[in-house]
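Before I ask anything, let me first share the structure, which is written out below as C-alpha cells.
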Amino acid sequence: MLKKYVKLYVKFVAQYLKVLMEYRLDFFIGLLGFLVTQGVGIIFIFIIFEQIPSLNGWSFNEILFIYAFSQLPRGLDHLLTDNLWLLSGRIIARGEFDKYLLKPINPLFHLLAERFQPDAIGELIVGVMLIVYSTINIGMSFSFLDILLLLLMIICGAVIYTSIKLFFASLAFWIKNSQSILWVNYSLSDFSKYPISIYGKTVRLIITLVIPFAFTAYFPAAYFVHKEGIYVAIGGTVLASILTFSVAYYTWCKGISVYESAGN
Amino acid sequence: MGTVKGLFSKEYIVKTAVNKISLDIKKGEIVGYIGANGAGKSTTIKIMTGILIPTSGNCTVNGIVPYENRQKNAKQIGVVFGQRTQLWWDLPLTETFSILKDIYDVSEDDFKGRMKFLNEVLGLDEFIHSAVRTLSLGQRMRADLGAALIHNPKILFLDEPTIGLDVLVKEKLRKAIKEINKKFQTTVILTTHDLSDIEELCDRIIIIDKGSKVYDGSVNEIKNEYGFLRTIEMSIIDIKKALEIDIAKEFNLLEEDAKTWICGNSMFVKFNRNKISVSDIVAHIMGKVQVVDMSIKETDIEEIVKKIYAYEVSL
Amino acid sequence: MKYLAKSLKIYLPFTKSIIQIMMTYRLNFFVSVFGSILKTFVIYYLWKAVFTNSTSHVLNGFTASDMLIYIFMSSITAGTVSNNTDQVIGEEVKDGSIAMNLIKPINYHLRLLFESFGELIYGTLCVSLPLWLALIAYRFFNIGELPPSFSTIGAYILSLIFGFSIMFLFNFIFGLLSFYVTNLWGIRQLKHVIINLISGQMIPLVFFPIWLQNGLAFLPFSSINYIPVMIYLNKINGTALIRAFVIQVFWVIFLLVFSIWLWKKATKRLTILGG
C-alpha cells in the first residue's frame, strides 16, 4: 500500500519536472525570486550586526544559523504542498474538488501530489549553504547523532508548516475562500526566523503555543547552539509536529464531510 | 433532500430516487436521466458516486454504500463530468493514463488491451502525446471518457458528456459508448439535456422533475405511449390542387389531431395516429392529387418530453 | 477648465469602480493588510533588540524612538503609494485585452492612473489614515509625544504625492515588461522584494555602506519611501528639503517621458503583431 503511494508520488513528480522543462524561464525567474528574498534577509542581518556585536546573546553566525535553519522546513513544505494554496483560493470555490473524492486513493495525497513547486529549491539551497557556512564559522561539530537529530528537526518543522497550512486551507470547506488567511499565516512565520527573546510576551505565546512556528526554526536551532535544552527543543518540536498534524488532519476530514453533506 | 429507498442485488444497481421512489437497473443497461436544471439529477448522481451523503434513506451501488466506502466504490465506477476534466492539465495525455493505471492497480496486460480498444473506439492516438491543455473540447471529452474506463468500471456515470460538442464528435462519442457497453457490459447512467443522446444511446429513460420521478420506462414505450403524433410529407404534382385539402375538416377531427399545411411542392399532415390512420390520410389525398413521393416521421423525444413536462404526467 | 471637467467625467468612473471592487473584497484586503502589519512588527522587534544590544543611543542619526516611527511610517507610506498597475497591465497583455485599449478613445496612462487613485483613496481612508492616527495616539499616550507640525506633515504629503507618481510610473513601465515575460508572479515577487530593500522600507538608507548609498542615489526608489519618511521625521529640512523635492520631481518627469515612449513602442508592436 505504502509502496503504491511512493510509486505514484515519484511518477507525479517525474511528470511535473517534464512540464517544468518547457517553462524553464518561468522556473528560473521563480527561483531567482526566492534566492533574492533570502538574500535580502541576509543583508538585513548583516547590517544589523554592523551596529552591534551580539543580539540578545546570539552572535552573527548564530543568527545566521537560525535564519538558515528556518529556510529548510519552510522550503520543504513549499516544495511539496503548494497545492494547498490553490485549495484555499480556487479549488473549493470553483467546485473542482469532486475529482479528489472520485479516485480510490486518499484525497489529501492526491491533492498534494498533484503539484510540485521546484522554485522552493531556492530556499533549500540557500538554507543548506548558510547552515554549512555558519556552522563552520561557529566551529560547531556534528556527531552522527546530531546530524540525525538535525534531519528529524527539519522534517518535524516541515510537518508543522504543512499542518498549519492544511488547517487554514481546510477552512475553505466552510468559508469557500481562505487564501488571505493563509497569507497572514505565512507572514506570521517570519517571526520564527529570529530568537524569540526579542519579542513581547504575547507574540512569544502565540508562536509557541497557539500557532507553533517557533518550533519550526527557533527551538531546534537553539538546541544546536546550546541555547535551549533537549527536552524543550527536540521533544517540544516533535510533540508540536504530532499535535499540529492531528488537529490539521482532523479539520481536513471534517471539512470533507461538511462538503459531502452540503454539496455545491 | 428526499427519502431514498434501496434494493440490493449483485446484478442490480440501486438507484437513489427522490421522494420515496426506487428503481433497479440491470447490469449492462444504458439509462438516460433527464430533468430540468435543479430537478435533482446532479444530487442523485453525487449520492451514487459517494460525494454527497443523503440526509435520510440509503443507497447501495453494486453492494457498496458509496458514501461510506468511497474509495472502494471509486474502484468500480467511472465518472465523466462534461464541464470539468479529471485529466492532468499540464501533462501529455499518455501520462494521465499511466498515472491512472497505478492509481487503479490495472495490470500491465489489461492496460495494454484496454488502451488498444479505447484507442480504436475513441481515436485517442491522434492526440495521445499532446498536453491536455492543448486539446479541443471534443478531444478532451474523448480523453475523459477513456480515462474513466481504463480500469473497466462496472458503472459509468456521464454527466452532460456531449455539452458544447459539434455533431460529428457527438456521433463518435455515442458510438464509443455503445461499443464499450456492448463489449464490457458496462452499465451507463447518462444525464443530458440533449435528447438525441437519449434517442441514440438509451434503452431506458428516467425523467425527473422537481425531485420526483415523472417517468421510468424504455424509450420505445415512451414513444408508443406518448408518441402518437406522426408527420407525413408528400411531394405533389400540381400542388395548387392540394390547397383545398384539410384533413381535419374532412374527417371531422380536432385541429390538434390532424394539421395540414403546404410548403413549396410538399404537403404536410401532422396527425394523431390514434385518431386516424396513415392509410386513410394517404388514400384520401391520393384520391385528389397525384403523389409522387412520401415520407413519415415519428415524433421525436424532445416533443414527447415537453409534453410530459407540460402535462406533468406521472406513472 | 471645461476640458478638465470633461476629462474628469470620463475618467472618474474608473476610480469609482476600483473603490467598489475593493469594497466587495474588503475582507480579503483587510486580512492581507493584517499580514503586512505582522511583517512590520517583526522588523520593529528586530530594531528594538538592536538598540537594546547597542552601547550607543544613536545609530546613524537615529534614536530608538526615531526608529520606531521610521519603521511604522515607512510601512504606512509603502502601503499608501503601492498600486497594482503592473499587475493590471500584465493580465491585459496575457489575455489580449490590452488591444482593446487601442480601439477606445481613452488615454491608457490616465485610465490606469485613475484606477490607481481608487486604490489610493480606499487604502488611505481605510488603512493608512487610521494606522497613522493609531501611531500618533500611541506615542502621545505613552510618552506624551506630539504629532509633527503642520508644515512637516504638509511637506510629507507633498513628498508622498511625488512618491506615488513615481511608483505609478515605475509600475506602468514594469507592467509593459510583461510583453516579454510569462511568469509575471515570479518577476513581481522579485521586484517587490528588491524595492522593499532599496527604497528603505526595512532599513533606513543611511545604514547601507556608502558605495551602495551613492549608487542608489541614481535610482528613483529612495524617492518612493525613504525621502518622504525622512521628511516626516524632520531629518530632511531647509535646503536639503528643496533638494529632495527637486530630485523627486526630476524622477517624475523622467519616468513620465520614458513611460510614454515605451507605450508608443508597445502600441506599435501590438498593431504590427495583431496583439
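Here the chain labels run A, B and C in written order, and each chain numbers its own residues starting at 1.
The rule is short, and it goes like this: contacts are C-beta pairs under 8 Å (C-beta built on N, C-alpha and C of every residue); 3 or more make two chains touch, one makes a residue touch a chain.
Please read all numbers here as calculations on a predicted model, not as lab measurements.
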- Query: What pair of chains is linked by the most C-beta contacts?
  - Reply: A-C
- Would you identify the chain whose Cα-based centre sits farthest away from the centre of subunit B? C
- Message: Taking the mean of the C-alpha atoms as each chain's centre, how many Å separate subunit B from subunit C?
- Response: 59
- List the centre-to-centre spacing of subunit A and subunit B in whole Å, with centres computed as mean CA coordinates. 49
- Query: If you average the CA atoms of subunit A and of subunit C, how far apart do the two points sit, in angstrom?
  - Reply: 30
- Item | Of subunit C, residues touching subunit A in the complex | 27-28, 31-32, 34-36, 38-39, 41-42, 45-46, 48-50, 52-54, 59, 181-183, 185-187, 189-190, 193-194, 196-197, 202-203, 207-208
- Contact footprint of subunit C on subunit A as seen in their complex: 23, 25-27, 29-30, 32-33, 36-37, 40, 43-44, 47-48, 50-56, 119, 177, 179-181, 183-184, 186-188, 190-191, 193-194, 198-200, 203
- Note on the structure: In the complex, subunit A touches subunit B at residues 4, 7-8, 11-12, 15-16, 18-19, 95-96, 98-99, 101-106, 114, 257, 259-261, 263
- Item | Contacting residues of subunit B [partner subunit A, same complex] | 42-43, 46, 49-53, 55, 67, 70-72, 74-75, 77, 79, 81, 84, 86, 88, 90-91, 95, 98-99, 102-105, 131
